[in-house]
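Here's the structure we're looking at; comments come further down.
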Amino acid sequence: MVYLTRVEHFNAAHKLWNPDWSEEKNKETFGKCANENWHGHNYEIHVTVKGEMQPDTGFIFNAKRLSVIINEHICDKIDHKNLNIDVEFMKGQFTTAENLTVNIWKQLQPVLKAEGVDLHCVKLMETPRIFVEYYG
Amino acid sequence: MVYLTRVEHFNAAHKLWNPDWSEEKNKETFGKCANENWHGHNYEIHVTVKGEMQPDTGFIFNAKRLSVIINEHICDKIDHKNLNIDVEFMKGQFTTAENLTVNIWKQLQPVLKAEGVDLHCVKLMETPRIFVEYYG
Amino acid sequence: MVYLTRVEHFNAAHKLWNPDWSEEKNKETFGKCANENWHGHNYEIHVTVKGEMQPDTGFIFNAKRLSVIINEHICDKIDHKNLNIDVEFMKGQFTTAENLTVNIWKQLQPVLKAEGVDLHCVKLMETPRIFVEYYG
Amino acid sequence: MVYLTRVEHFNAAHKLWNPDWSEEKNKETFGKCANENWHGHNYEIHVTVKGEMQPDTGFIFNAKRLSVIINEHICDKIDHKNLNIDVEFMKGQFTTAENLTVNIWKQLQPVLKAEGVDLHCVKLMETPRIFVEYYG
Amino acid sequence: MVYLTRVEHFNAAHKLWNPDWSEEKNKETFGKCANENWHGHNYEIHVTVKGEMQPDTGFIFNAKRLSVIINEHICDKIDHKNLNIDVEFMKGQFTTAENLTVNIWKQLQPVLKAEGVDLHCVKLMETPRIFVEYYG
Amino acid sequence: MVYLTRVEHFNAAHKLWNPDWSEEKNKETFGKCANENWHGHNYEIHVTVKGEMQPDTGFIFNAKRLSVIINEHICDKIDHKNLNIDVEFMKGQFTTAENLTVNIWKQLQPVLKAEGVDLHCVKLMETPRIFVEYYG
């Protein structure tokens, strides 16, 4: 079993906010991330697939094709967007790094399955100091 | 003459938009950066001061003090904010990397002057691939 | 299960030395790291916790709180210190990257447990080219 | 069990090409990587060993010795080389990141075994955006 | 005057070789870089333009347009190529980092001039440890 | 005129302390950097030389030779050392990043002059967030 990772990036705005809570409780829980008028990040996404090497290419999966899939199914939908407003698959959900990572996994896993490769891990770096990993 | 640089960072949302233009012309000029609902970045700011070494410390200027000044006068005002809405010194102005850099210079230069040190350069990294430098 | 990592850093001096050995054997085993008058590093510490997303926040654990814990229990005690002399939890122990990592785990694990979150991994980068991981 | 990683690097030329295929099929499958006259990369190699801390050193394994082994058995043989032509252990094989990683593992594992340490993972970064991991 | 930099990258093979010299003198002068069968790098190119901010955009120059120009005039011609064989503007020339940088400047300067912006600097990173800057 | 930079690194311990001052004033001025038992850093040193390209090599100066010089005259003398105690050219001097940079310049400039190349800049990164540049 060999693991191949492709790194892509996107820039987006978001805020952390629980609509069932008072402004006070939101500020207390989410701190500066609850700023009403949004803030944003340069996100970096690492997508790892696993499999056996194919005898006629020496590839697990074509890294160029992996890039195309990540861009088509993720980056094109969330790059230069507001995660809370503009992104179909995040609608009505928390836009924490954790939940964004899980939802990116849910978007990519069936697509990669259909291409005959197993998704192993989605890693999302919100900043160089905070990142999340999800293995399904 | 010796040059000392301190690096700080902040996360913010913004959009590029000329209110005198049609939506069409804005999209044509600013592309994805004109997204109505904002996008954002992890900005990195490099502040360089210059001077002679002080005989009793071997410092040009205390790097810890430089950090405090950058945080007090810049980061505390723009970190986790919307540059177009929340930031006093960017009000009614373009929030391009260029204009943000020039305005950070204008905020810092008199403060540093008052502390007896010359501001040499403000460098602002909007992404790891786009950055701006201003020398006054 | 989702994994959240927070990165912090500290600067410290240390030396590698076995007091039961001759100077010759210490130099032979630890090389330049046995320099009598110490050397030092900019250490980077990655603390990974794991858990389920909380339904009212979308967090595994508050990354800001994680930062506060790492700083209070680790960085405040070892930043700008001599690991062999100044740090209570390293007293009389080897200050190798391996042993430092295991001891940071031992400091953090019960604190995080008490906050209701599982420590998954401590990763310590001694230099950009040498790092250690410990999973308990 | 503690994990220690050492990072080394090398620069090499290669091309991706299946000699059983037409030029057309090679270009279609491998894209720009099939350029007849080669291209190249700054490769970064991360070698992770695992074990228990030794009571008289606090080491899993001497990181300096690990560096010497990686250089002697890998870097000296492939640095500033053409992977398809000059490297004994890649002869007649695909020089994909996947296959190069597996072959580096095969070179290092018995050597490390003979030194009494378990090889855990070889990670090879072909570019900052594409990397492969192999655990045996 | 404000300075805007855009970073792009390309991967290429090359060798350093003076055809007027013996193999011995080439190996003595260029060391491993004279390997007959080539080696290669992940090059990073930083292109800096300078100018005044435009009153209707807050831009010196559109960074997206700058990226398109660098890709069209440089990266498309040298990415995944052999610098000694495949690249028109390096034909019969040394492919040192120095000479490659100067030739990239010569390619870009008139194109940027025609777009109304001044090229300030081309910086080329051959590896993370060796880079060249040229200001015309 | 073309500029060539070579990056090297070293790890060292130091403290900031003015022997003419009380402990109180030292702590007030230098903060945690005045810790009696030292602290340390992974320093990164960027040495930039300038010159014309040589017609028979395409080099300003051989980057491999530049590396040898930096290691022989700087890194071998300060790597894994205590800057305040072990380093001849820092004896009795402040070991601030500023003063260390100026002294590295003084060590390198005549050596490079003797080799027929002009030293342009020494840049010293004490941490990824604090660095100093000196141009003579």
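Letters A, B, C, D, E and F mark the chains in the order given here, with residues in each chain numbered from 1 onward.
The rule we apply is simple: a residue touches a chain if its C-beta (ideal position, glycine included) is under 8 Å from a C-beta of that chain, and two chains touch if they have at least 3 such contacts.
On a predicted model such as this, the values are computed, not experimentally measured, just so you know.
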Ask   = Which chains does subunit C share as contact partners with subunit E?
value = D, F
Pair in C-D, A-B or C-F that repeats A-C, with over half of contact pairs matching by residue number = C-D
Inquiry  = When contacts are scored as defined above, which chain pair ends up with more C-beta pairs, B-E or C-F?
reply    = C-F
Message = From the mean C-alpha coordinate of subunit D to that of subunit E, what's the distance rounded to whole Å?
response = 28
Message = What's the distance between the Cα centroids of subunit B and subunit D, rounded to whole Å?
response = 41
Request  = With chain centres taken as the means of their Cα atoms, state the distance from subunit D to subunit F in Å.
outcome  = 33
Message = Using the touch definition from the top, which residues of subunit A touch two or more other chains?
response = 128
Message = Graph shape for the chains shown, where an edge means the two chains touch. Line, ring, star, complete, or other?
response = other
Query = Which of the chains are touching one another, listed as pairs?
reply = A-B, A-C, A-D, B-E, B-F, C-D, C-F, D-E, E-F
Query = In the complex of these two chains, what residues of subunit D are touching subunit A?
reply = 16, 18, 20-21, 29-31, 93-99, 101-102, 128-135
Task = In the complex, go through subunit A and note every residue touching subunit D.
result = 1-8, 48, 53, 56-60, 62-64
Inquiry  = For the complex, give me every residue of subunit F touching subunit C.
reply    = 9, 11-14, 32-33, 35, 37-42, 79-82, 85-86, 127-128
